[in-house]
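Think of it as A, B, C and D in the order they're written, each chain with its own count starting at 1.
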């Protein structure tokens, strides 16, 4: 029942945004709406985890624990982004960057974007899954090109072209899957549940090729290594709350799609094939992102490359499999989403105040903006994987899993890259945060709503970091549950 | 009660005899240079003169300058107590062993260097820098000599090798290494010239340049005592002497004569070394001491091979 | 995940108890000291933050030494590094502390990466993070994995301890932190790394191949020498002390390395004895290094500069700090009655006793190590004559030193407590050795009830039969009485009053502070003697008024940081060059990006068979 | 009958690869979509299902009439030169495309196990159209060429879907059509923006975001 509730609210909010002219009233309404979505998704997740049954309505909506988990992640970040965009958009309007009308468009697009993302995990039919992801691309293209200057238009264009090409490959893969399925009986259906049921009998060869197309297709959307080229441009040019949503959650929906098809291929062709591919792409994305992070000059691009790194770690986690691997990867999905959102909010504030992306110019953020500076500092260390925060736990789990599986080379590459990236992050952020305040910078007082968004996310990073080693039973149980799909 | 008496006896013996030895050395040197030179008892006269003279203390110096002579004399006498002259090997005194002796001497040197720096004059600083340079390079050679000796006699307690023992090659090489160390420590010619008036070449003398009167006398006395300690250690390794278990008068006289004769032989060797060799440049002293270190290594190797 | 059962989290065996008491013995006076030290701080918020970070720092260190589960150990270890990073970067104003902080946190993190690898290998065999389980699993580990685990642990803990090739961060990080923090960091944080080595290598892994001990001994000797030579060349007082930490870590590791060597040659008595020497030097170093850093902080607070070339004559202005610094200097250069002398004497005795019962090549090796240790203590004495002499004695060289004032009471109280500890640990050596015997037996698992290291509460006797004795109280008493006797002779001989007059100036003019001996001059002989290692650079320049008249000379000399120049900079350069090369992947043309996607599809299809 | 339609699709694709000017490219795209409509119509007759007819009709309305008209309107509105800006000249690109034909034939024949001869040819042609679309996108400079390349790839996919598994479920087909149409409109919107800001639509010059 909650699933309708979750899907309906964004639609109403989009309509509301269209009707209500006054932007100030609407933004708080928007935040409350997403709070409701969050509550509904929590209830849904609890129901799903306890009841263990995958239920579907009118053969169109179908979800189980895996999709409930992803819906929960999406709603957490959507709520935080809504909360943050109250103060962010208000600041943009006051400083005259965007007009009142543009703010209205922003809210419409924001809600449509959230609706399409929430739709992805809920859909049963693989064709509809493709359509939902295509919708997210189209809507977010507008949001990337929102500021209408040269860089953002170029980023939007690259984003839309590369992702459309990627999605076409995904469509090719979906068609091949349905072709393989139709070879069995002559019934034609793209429902995921039916495919999983008799995945064993499908033709191995076609499944392998189909999964390659799916991996490359949705991999482009997920930002896996060789196809990641659009990600730094899009995330650095988008509006701050949107780039938080983009890198926090949109990449995860693509990973979700890969997982869905992955489960079928695992049942059809066996785990080794799926595992090796995911680990290979994971390592390549780690290597490339590590190179770029070291010599990066632009703050937001640095965070974008960080997303590629963490997506690489997640894909290695799923590629390794086993309780530790998948558990670590799922945990990492949530931790990374939360931390990355916090970092993008912080980066948004900094860029807003310093009027530049260039990290060599930004100095003394702790001095000028104490609250954001502190949050950025904590976020930077969380991102780099320092213990009091949750990412460290999930990274250790994944490294443990990789080690237990016996891939020694992969472990040492993983440890090496994480260490280099840690060094680069500390190097960059210590330069930005500390140091003397540049002339003519006044200490700014941040609005309450902005602070609330930060605190909401920060609590989750720390809470998980400290609580997690102690709660262990249900996490493992959930993982087993999820992986059967 | 007897122990305290013996300790007092030993202190007096050291204080009395040590100036005489340096008097003998200067006498031998002058004779070698075909000169009459000063009398053997000249050091005693110097000490008496210094004790009776007035004293000048520089205004820039602090309490360290004033306290240093007492620490230096106490460390020299403390080291002297460790040497088994009258304290025969029978009664063990728990103060320390050969290693502790090296560190006690280091205490005296540390405070003398500080006092030299305290007088805010260039010569004092130069003297202390050179003294610390030489003494820090001496340490490894001295330590290895102790190591080779202790390998031979089982323990680093000085009493352990003060009895009769066959003279092996390793103890000969060790004693030669110790001889070089002693020359460096007691500022003899190749390393430092005691009689020079040119402040720029002095090492030990530069440090005590500012002292005068009674404090200078104390420092002079402590350097004499230190000199005697080194000579005794060298002598003990080359010319072993049986320590009489009981003090009966019959044997005591020849034993004392032989006891002192050894030390005078070492003093003679030092004097001849001084006369025959010219003073080295300071930075060549590092090679001189590394030569002593290599000798000590050879001594250790011989000790290990049991030669 | 059920491996994370955190039921019995804590473990209080004598080894952790010893380290806990080391931690709190040093942090108590530092905390008292920080009341005075932070008084001048700008805002109340910063002081509150300083106190909060200090408490967090102590808790994390306490956790590191007393936790039983490897996973939580790792968490506590990283929190400790994170909090100490914040403390190093505490006064964020000047650029140097930021750079120091970055080097520090990156080096420690690389060390932790090695630690994680080692723990994982152990986890693979033990399937649990618990020390006890790992200990039992380690016995059935094949030899070459044991060696790999040992090397990883050594590199991991080595970066934190500051063993030579990995010591680069120490002279940068410790001086930048506020003084009471750098005293805790130098005194205690480095020791947690030693705790790690003892706990994981000796206690859990168990030493059975002798080359482990020899490797640690060699590394220790090199760190001793490098540490002390660089300290001699250093003129920033806190950097000088940081280099001395590297040297003293070397000395501690000599003791620990010897213990590992003797364990592998199963000589229990000698192993316990050398471990006791190592642990005893560990606590001694914690005390006198803590004191020295506090005094350096007091000097810094009074004169706002750390460069000893600008100081001088502080003994008249800050008499108490001078006395405490002198005591610390005497202790660190191992001068008798104090604690530095005792622990160094014990380490040397460990070498000598070891040499008696070890055969052939090892004897010479132990002898040479002992010689190098003696050389280090000689050089350390020289270095501290320079440090104390140039900073405190003679005339003030700059107006900073001129108007220095004695520091506040709380700072002096902290310093007094530590110097009192120095004297106590020096004199009560025999009693402390008995306690340390229990700690060493806990660490090595050898029961030491039968062994006796000290005759009674005053006399140390390392080897019963050999007649080797040292009793510091008796030695102190003898030296004191002789000193007083000398003073009595001085007083009695003649009544004349000493005349106070200016220093002898060869009769020219009144001496001023410019012709005093400076630190650079003091260390010149050492610079020449060790020029093969220091590669000194010297430039003199005549600044001419006209062709004939020379107005002034400019003299500039510095030594090259060998490790930094020949190991770290090439590696960093390589990494950054490859990263810059990587940037070419994203030149901005959309066509290239599209071709990336198509090429990946083609490659994956072609190599489909292989997956 | 089947062979003529496939030959028509092949011919239009080759023409597209040779085209130097944008209006010509759009015209050839129109031909290709028309042949595609014929193919689906033939399948619809054979399968005799109502929804296939509707899809064919929809395809004709959108792909043959609406999109080309929309693209031509864009060209007229923007006073930009109609030159396509080829990276690779016409002759060389034709050679490339021939290579692609062989590649897709090998791919269809060897890897996918087609049931009969006819299906093998259909698979080969479908993959060839996809590869050609890919070629157009990579080796043409202007933004419009990239849009058309995308549409050609989508055509190839549609051909594959209708021939191989008799088309996907009806509802999904409609949604895909609708998506394609919306994406073309949005891309057209962005081309306007690029033209307004950069005064040219040569995508290769868009390289401000580096590294």
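Note that in this section a residue touches a chain if its C-beta (ideal position, glycine included) is under 8 Å from a C-beta of that chain, and two chains touch if they have at least 3 such contacts.
This structure is a prediction, so every number in the text was calculated from the model and none was measured.
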Chain D and chain C - chains in contact with each: A
Greatest separation from chain B - chain, by CA centre: D
Per-chain CA centroid nearest to the all-protein CA mean: C
Chain pair with the greatest number of C-beta contact pairs: B-C
Chain B and chain C, separation of their C-alpha mean positions in angstrom: 34
Centre distance in Å when chain A and chain C are each reduced to the mean of their C-alpha atoms: 45
Inter-centroid spacing, chain B versus chain A (mean Cα positions, whole Å): 79
Interchain centroid distance [CA atoms averaged], chain B/chain D, Å: 102
Shared interface positions of chain D, touching two or more other chains: 111, 134, 137, 146, 203, 206, 208-209, 211
Multi-partner residues of chain A (each touching 2 or more other chains): 157-158, 161, 165, 209, 232, 292, 295
Chain B: positions in contact with at least two other chains: none
Pairwise touch network: line, ring, star, complete, or other: other
Pairwise chain contacts under the document criterion: A-C, A-D, B-C, C-D
Of chain D, residues touching chain C in the complex: 87, 107, 111, 134, 137-139, 141, 146, 203-204, 206-211
Residues of chain D defined as touching chain A within the complex: 111-113, 130, 134, 137, 143, 146, 150, 153-154, 157, 160-161, 164-169, 171-172, 175-176, 179, 182-183, 186-187, 190, 193-194, 197-198, 203, 206, 208-209, 211
Complex contacts: residues of chain B adjacent to chain C: 51-52, 54-64, 69-71, 73-75, 77-78, 81, 92, 94-97, 99-100, 102-104, 106-107, 109-110, 113-114, 117-122, 124-126, 128-130, 132-133, 135-144, 146-148, 150-151, 154-157, 159-160, 209-210, 213-215, 218, 282-283, 286, 293, 296-297, 300-301, 304
Complex contacts: residues of chain A adjacent to chain D: 125, 127-128, 130-131, 134-135, 138, 141-142, 145, 148-151, 153-158, 160-161, 164-165, 168, 171-172, 175-176, 178-179, 182, 188-190, 203, 205-206, 209, 232-233, 236-237, 292, 295-297, 301
Contact footprint of chain D on chain C as seen in their complex: 583, 586-591, 594-595, 598, 605
